[in-house]
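This is the structure I have questions about; it appears just below.
The chains carry the letters A, B, C, D, E, F, G and H, assigned in the order they are written, with residues numbered from 1 in each.
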Amino acid sequence: MDPRLIEELLRQVAGGAMAPEEAMARLRDLPFEDLGFAKIDHHRPLRKGYPETIFCSGKTPAQVVEIAARMKAHGNVLGTRCSDAVLNAVAAAHPEAARNETARTFTILPHPPEMLEGYVAVVCAGTSDLPVAEEAAVTLETMGCRVERINDVGVAGIHRLFEQRPKLEGANALIVCAGMEGALPSVVAGLVRAPCIGVPTSVGYGASFGGVAALLGMLNSCASGLTVVNIDNGFGAACAAAAIHRIANGVAL
Amino acid sequence: MDPRLIEELLRQVAGGAMAPEEAMARLRDLPFEDLGFAKIDHHRPLRKGYPETIFCSGKTPAQVVEIAARMKAHGNVLGTRCSDAVLNAVAAAHPEAARNETARTFTILPHPPEMLEGYVAVVCAGTSDLPVAEEAAVTLETMGCRVERINDVGVAGIHRLFEQRPKLEGANALIVCAGMEGALPSVVAGLVRAPCIGVPTSVGYGASFGGVAALLGMLNSCASGLTVVNIDNGFGAACAAAAIHRIANGVAL
Amino acid sequence: MDPRLIEELLRQVAGGAMAPEEAMARLRDLPFEDLGFAKIDHHRPLRKGYPETIFCSGKTPAQVVEIAARMKAHGNVLGTRCSDAVLNAVAAAHPEAARNETARTFTILPHPPEMLEGYVAVVCAGTSDLPVAEEAAVTLETMGCRVERINDVGVAGIHRLFEQRPKLEGANALIVCAGMEGALPSVVAGLVRAPCIGVPTSVGYGASFGGVAALLGMLNSCASGLTVVNIDNGFGAACAAAAIHRIANGVAL
Amino acid sequence: MDPRLIEELLRQVAGGAMAPEEAMARLRDLPFEDLGFAKIDHHRPLRKGYPETIFCSGKTPAQVVEIAARMKAHGNVLGTRCSDAVLNAVAAAHPEAARNETARTFTILPHPPEMLEGYVAVVCAGTSDLPVAEEAAVTLETMGCRVERINDVGVAGIHRLFEQRPKLEGANALIVCAGMEGALPSVVAGLVRAPCIGVPTSVGYGASFGGVAALLGMLNSCASGLTVVNIDNGFGAACAAAAIHRIANGVAL
Amino acid sequence: MDPRLIEELLRQVAGGAMAPEEAMARLRDLPFEDLGFAKIDHHRPLRKGYPETIFCSGKTPAQVVEIAARMKAHGNVLGTRCSDAVLNAVAAAHPEAARNETARTFTILPHPPEMLEGYVAVVCAGTSDLPVAEEAAVTLETMGCRVERINDVGVAGIHRLFEQRPKLEGANALIVCAGMEGALPSVVAGLVRAPCIGVPTSVGYGASFGGVAALLGMLNSCASGLTVVNIDNGFGAACAAAAIHRIANGVAL
Amino acid sequence: MDPRLIEELLRQVAGGAMAPEEAMARLRDLPFEDLGFAKIDHHRPLRKGYPETIFCSGKTPAQVVEIAARMKAHGNVLGTRCSDAVLNAVAAAHPEAARNETARTFTILPHPPEMLEGYVAVVCAGTSDLPVAEEAAVTLETMGCRVERINDVGVAGIHRLFEQRPKLEGANALIVCAGMEGALPSVVAGLVRAPCIGVPTSVGYGASFGGVAALLGMLNSCASGLTVVNIDNGFGAACAAAAIHRIANGVAL
Amino acid sequence: MDPRLIEELLRQVAGGAMAPEEAMARLRDLPFEDLGFAKIDHHRPLRKGYPETIFCSGKTPAQVVEIAARMKAHGNVLGTRCSDAVLNAVAAAHPEAARNETARTFTILPHPPEMLEGYVAVVCAGTSDLPVAEEAAVTLETMGCRVERINDVGVAGIHRLFEQRPKLEGANALIVCAGMEGALPSVVAGLVRAPCIGVPTSVGYGASFGGVAALLGMLNSCASGLTVVNIDNGFGAACAAAAIHRIANGVAL
Amino acid sequence: MDPRLIEELLRQVAGGAMAPEEAMARLRDLPFEDLGFAKIDHHRPLRKGYPETIFCSGKTPAQVVEIAARMKAHGNVLGTRCSDAVLNAVAAAHPEAARNETARTFTILPHPPEMLEGYVAVVCAGTSDLPVAEEAAVTLETMGCRVERINDVGVAGIHRLFEQRPKLEGANALIVCAGMEGALPSVVAGLVRAPCIGVPTSVGYGASFGGVAALLGMLNSCASGLTVVNIDNGFGAACAAAAIHRIANGVAL
């Protein structure tokens, strides 16, 4: 609810056009909109270039198609964790959708975001980590953040990482995806001054426990200042990096 | 190793004052200094207003005193996780040290940091989480970040949090400390646009498993964009928040 | 065994119609029926409007069809955790059965339950949690409890929850289903005075560990008075809520 | 904030005694009080006979004494998880406090609660579980619930439990505390129709994992309708049971 | 190697028919056979009525058929954890094999075991636990132990268990299979004096963690004297029960 | 309740000396005694030479002294998991008590048990496992089972075990205690035909997780027929072994 | 980067053919090549007879074919964790590839390795562990290490192991693969003096937790000097054993 | 048992000096000595310069003193995990013992080992890891292996590690100790060709879980060929490294 609407309501009460009882009822019904809560869900994303996001895992293709239809009327739409069936159904129903096979995403962008200055680096330890890294990259791009992709620079071939140092050092924020022992974010965080976000991936086997080893490695990093998100959560890392990138662009809070 | 030293070395080779073989040997010995690695440890902190940090847990008072003595010659010193014995020994040996009983820290600041514009909010769910929040706050202050402390605003008394919304919304970055189910960071991250860093604390009992429940709660938060550090790691959260705060201040990377 | 039968037996002994030895043997054979144990399984449900319940997971369609046939002779039947194969086999064998695709249940109600006064609220954080919420709702309805369904009010869109406050506050008991970090039950329990039962769902990925993160979040809730059932256990939550709802209706214990 | 205050405010606006702008500012400052949030913390307890509660674990005796002093001015006070040092400090500072050595609690009750009709049964498997059971019992009593204590009826001596069946069956709600394999709540829940709340205790050793075995046993109980709280959380179980007990007493929601 | 063979060998040496060097070589080659080790694998089973056992999980049908062919030349054969493919392949290759669909076993018994006196009780909480119970029963029968099957006597219908008390009390050993919270073995062990072996099954969902909850429940049982085997390990429980049953029959160790 | 008492009661009813109603009331009050439940706790132990057992961990010395006083009036008493304080208090209050410093037990045996034929072997991997092994041995002896102690035969010095083979092979049952990787029970179970009970001990460090590694090793043993009890549960293993030993002695069930 | 290239560069600077600034830039760009890092990835394997390795799990057949094509131009290629689809695609695209169905590997060896003196023993507890053991064996052979395979010598038939003692004792290094309780490496490490590497396999069920029980068993082995790799990591064990085998061959570090 | 003894025995049988029955009995009693099992424990260490080792944790000072007295008669003695009380008691009873406060060890070396050629590198991430590294170093030295200690080279100051590369590359084997995320062994294993053994330490807090995070990091290392021992197991790593070092010295297996 727009603050101006509350002012209007109070003016109607002041002018006798609305009984206090009715005003009270309406305030009781919508108390959180004047806190901006509703904007988080519907209005703020539209205004800021954020996409509405559909986490498609566990939803049927039909459900996704319908939600996307409702959402695209209000703004941009991002679908993550898409099965082939979902991607195909969306392509049939929403021909304007762009799909990314690696990231398992689709985007419908009736209001293409304006791009901010600078970029976020999305770093990826191995080719198996690419789906997570791409999910982060696609999310960032729909939020108006340019992305520098730095792929396949795991610590087993660490010189490849160091060749990318200028790109790493130029980023406003870095997202570093790694499975196995998850050591890459520690190394990257030791090389740059910008904030780093580690994304443990479920790549690995045996005692990797579906990404737990990588997660623990990042949480216990001796490279102070590294922060972490859930296993395989490229989307969440992108949201955090976009928040930092906006600050670097002087976008008002 | 200062880059100018490498230029000097190369000039000596160019001028015949140093044989290529000797130059090669010296480059081989110090290859990482021109990558800035050593600066992370010794030079960068001094130049940037960072403290050298001593993680005192598991060190004897004598060890801490000695390390602090060596460090204060080069710059500011921060000691974390201090027992009473460590704090007393430091106070005796370094009378200029400031101690913080709640945070379990001491600081020796021969070069007091210049304060950046704006502030970082350090939010704390309950009084039992205060030691972690204070560790974060003290760390931030030694790094030149002003801190707004918002204490005892756990979700059981959520109105107290909402009364603090202006302070929350004005921060360049937020650190949110919570034990038990660790829900506070999700709520805060839903209210503000600046980056939020969740710090699970070991406060709780039974199935809190020493902070694991809070950690999992934060990692699985549906408030996208929240990032997380290790249990009780106020120091690490402060490093991450300071990196964001510098960017908000337009400090060059 | 009906208590009157014991009285009868003892009278037969008193009257010489039964030898003490025979009475002793029969008491030894049926000691638990006079404790009401058997009623739990067969008689009490029939009398109280409870359904007999078949947990269909791990049973073949043929087994389910046969058990349902035996059960419907004695009372109402509820089948939970049904695969499509089970639902289809039941539909073919028991045409009077009602199926619920979302809840994965079928019901055969030869003795439709009388509805109690008031209602139980079944609250659901996201659309992915619906199967669990519907299992709870269907179970409640077969037990004579009216249900108010409040769907898709997760903490990421918390204003939608607050719009439902009158419904929440009017319930005799509340069941709150949530996956991910499982914070919704804490929020709801903080808003109402009636007993709340949290149902962690297996919705999530990575460090949600199949619902463990949500379970731990609910167990560690700082909203005192929340109780919890097993992951995805909509049925069990419904049994607990129905017990509370009966008390609210003044049904004798 | 009392709803009448909002009505008053709106009437002042309607009558011209308050400018709409000022009313809007005040509504913005206190939006949650008209949601009843503050009442949860300060007003509702006082009005309903609830105690304010201090979780004393991790707080210094001085902190507890001070918090208790502030709280007793507004209503009843309950302190849980008290060390001897806390109990002694409270006794010195608040001579009117009642202490319970087994429960590790103190209570200060300037407004003794009125007792509701009927009782809650607090059942306890072994003497080692008594501290948890007593914490529940003391909490219930400060909330106006009479308590029937049924101690030392673990499944290794199950006949002792069955001798208590009349007491069990007469309760409006039951709290059942057990460590080790935690089977007692399943057995009790199979005997009664009132709602049962299981409290796993940390009693045990080896593969009891500090109460985890008992917790898992209760969560997986085949006695449908049992709900569970955190390990050793007698206080939380009491809050849930009190909510049920109030409903059984027809206390308006 | 049969002890008589060693005696024979030594006699040949004593009689000069074998040089000490050759005897030493043969003893060196077979040192474990005179310890009875080889008998465990090949000879002892044949002599004692034990089957050779093939754990078929992870083996191809062809492998199982071939191993069974080799084994049946020396004695009885038991195959466990058989897929349909394995059972069909065995039926085709070894028409004399008996298959048990519930137990997922086949048996080839060229030397049908002689039956010992008395019986072992195999108790089973629910129909979902039947495959594990049947694996135990089939194994026992191939070892010469008569089995009393007591099915579907879970603690939710505990009177059904008590009706079986004479059968329970008459057994030389009891195997009790249960999933979920795994409480049945505790109850049974409290009723009888013979040794009880608990078999946790993987029946359950959510926080049953594939049988871990049942396993922990049994390990922490307050019914002293209950012992436990691995989750779903009906075979292992049968081996232990058979060892006890032989002792009860006075079969020499 | 003695079965003869029920017969007496029924005869009184038959003879008119007791009204059926009164008989019914008394049967209702004591229904489980005719199931033999009470005998487990009070009467059976006394009759069979079992000790009443006090698990002293978590009980105060005064509590233990008092419980022992009550128990010794009815039969033998065994106290386990005794601190020095408990042992000293018991020695002062019950001078006839025998204490075992290694086992952390005391025994008060007004009715010394008659010894059964044969023995149980209690095997122990290392000297650190001795307290657990001794708890088992003392328990066995108070139950009338002679014990052969075989200490310090861990797999790192496996020849010492093999030197003990005659003792191992002569036992009616074996208890094998081991920490670390817990391999000893597998080896012993491979050598003997009598039933083996593995007791994982909490001896170890790091990834032994307080005995979990040993517990898992025993549960996954490829030596079929090994059964397992809780970590450090020498008492429980002794109860199981005594049950087997009684059967080997032809003691009626 | 070859050290000679650095010498050349420095000579060019010395001779004036390159400006110090340009030399510095090039040194900054390639600092890790003079550390030999790149050689680890590309050059060292080729020179030493190592294969380049493709971990095929999670890669598409097309990706594997393409990577193999690029790699075989520089040296030998080993593909591990191959699905049938991958093996077939590689066979079609690279007819010179050798496949191993058991090990799930393919090898393309344009430069067949020269075989070192002696051998590595690869020991395997059961036939189910063979895929892991074969992965180790194939890896070793492509690295120039002869392999002695010792299969199916699990501790349940330990005499079969002892018959292999000469082979065990003759090895320069041993790899021992075992699932279930993972006791075989302890036994083997107790028999030989050469270094032993334990490979826990995921063979087992229930409380084997996918190889965790075997892993813990090996980590807690009382046979000092056993080292361990990840569950099912035959490849990693082979790399470690090959390093030891080269040292035994006097191959310069 | 010496093989010559068996030959002698057989000759006595051949010569009629021993009855076959008696020979059979003796062979049955001592079968494992000719397998060399006893030598592992007593004779091989003495002959090879190995110390007998006492794991002192959980032993009383008196026990340690006595064991050491018995052992030093046969060879060198190493005591690990010593409390101050143990070290003091040993110093008093065995004045010739050398103690190492950091390593928590004592050594009694009546037969000082001859030093092998070359050295083992013992690398240590931080000062908190020193006790584990020193335990490894002391153990190696008592086994005749010279040690190069490389301390405090954690990845947070990785240049310090690289300065030590010549020492790293010159070692026959490397032991790398690290807590927290345990990344150092991966980095070291990527730099050298000799075998590396990772020792996770319990240094850390929160989600380090007492060394589990470091353990998992090392097990999942992408630096192939790294092997791992138990948390804090410096002794075990030393045994493995010594085995490799002997091979590098051409010491016969």
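Worth a mention:
Basically, a residue touches a chain if its C-beta (ideal position, glycine included) is under 8 Å from a C-beta of that chain, and two chains touch if they have at least 3 such contacts.
Please read these numbers as outputs of a predicted model, since none were measured by experiment.
With contact taken as defined at the outset, chain A and chain E are each touched by C, D, G, H. Common neighbours of chain D and chain F under the contact rule above are C, E. Between chain A and chain H, the least number of touch steps comes to 1.
A repeat of the D-F interface exists among A-H, F-H or D-E; more than half of the contact pairs are identical by residue number at F-H. The most distant chain from chain E is B, comparing centres defined as mean Cα coordinates.
Rounded to a whole number, the gap between the C-alpha centres of chain C and chain F is 40 angstrom. The geometric centre of chain F is 50 Å away from that of chain G, both derived from CA atoms.
Computed from the mean C-alpha positions, the centre of chain A lies at a distance of 59 Å from the centre of chain F. Remark: chain D and chain H have CA centroids separated by 55 Å (rounded to whole angstrom). Counting partner chains per residue, chain G has residues 31-32, 35, 37, 40, 156, 158, 162, 190, 206-208, 212, 215, 219-220, 224, 230-231 touching two or more of them.
All chain pairs that count as touching, in label order, are A-B, A-C, A-D, A-G, A-H, B-C, B-D, B-G, B-H, C-D, C-E, C-F, D-E, D-F, E-F, E-G, E-H, F-G, F-H, G-H. Across the complex, chain F is touched by residues 35-37, 40, 53, 162, 165, 169-172, 190-195, 197, 215, 219-220, 224-231, 235-237, 239-240, 242-244, 246-248, 250, 253 of chain E. For chain G in complex with chain E, the touching residues are 127-128, 156-160, 162-163, 203, 205-208.
By the touch criterion stated above, chain B contacts chain G in their complex at residues 3, 6-7, 10-11, 13-14, 16, 19-21, 23-24, 27-28, 31-32, 34-35. Residues 125-126, 154-156, 158, 180-183, 186-187, 190, 204, 206-209, 212-214, 216-224 of chain F are the ones that touch chain G when the two sit in their complex.
For chain F in complex with chain D, the touching residues are 29-33, 35, 37-38, 40-41, 55, 57-59, 63, 81, 200, 202, 210-212, 215, 230-233.
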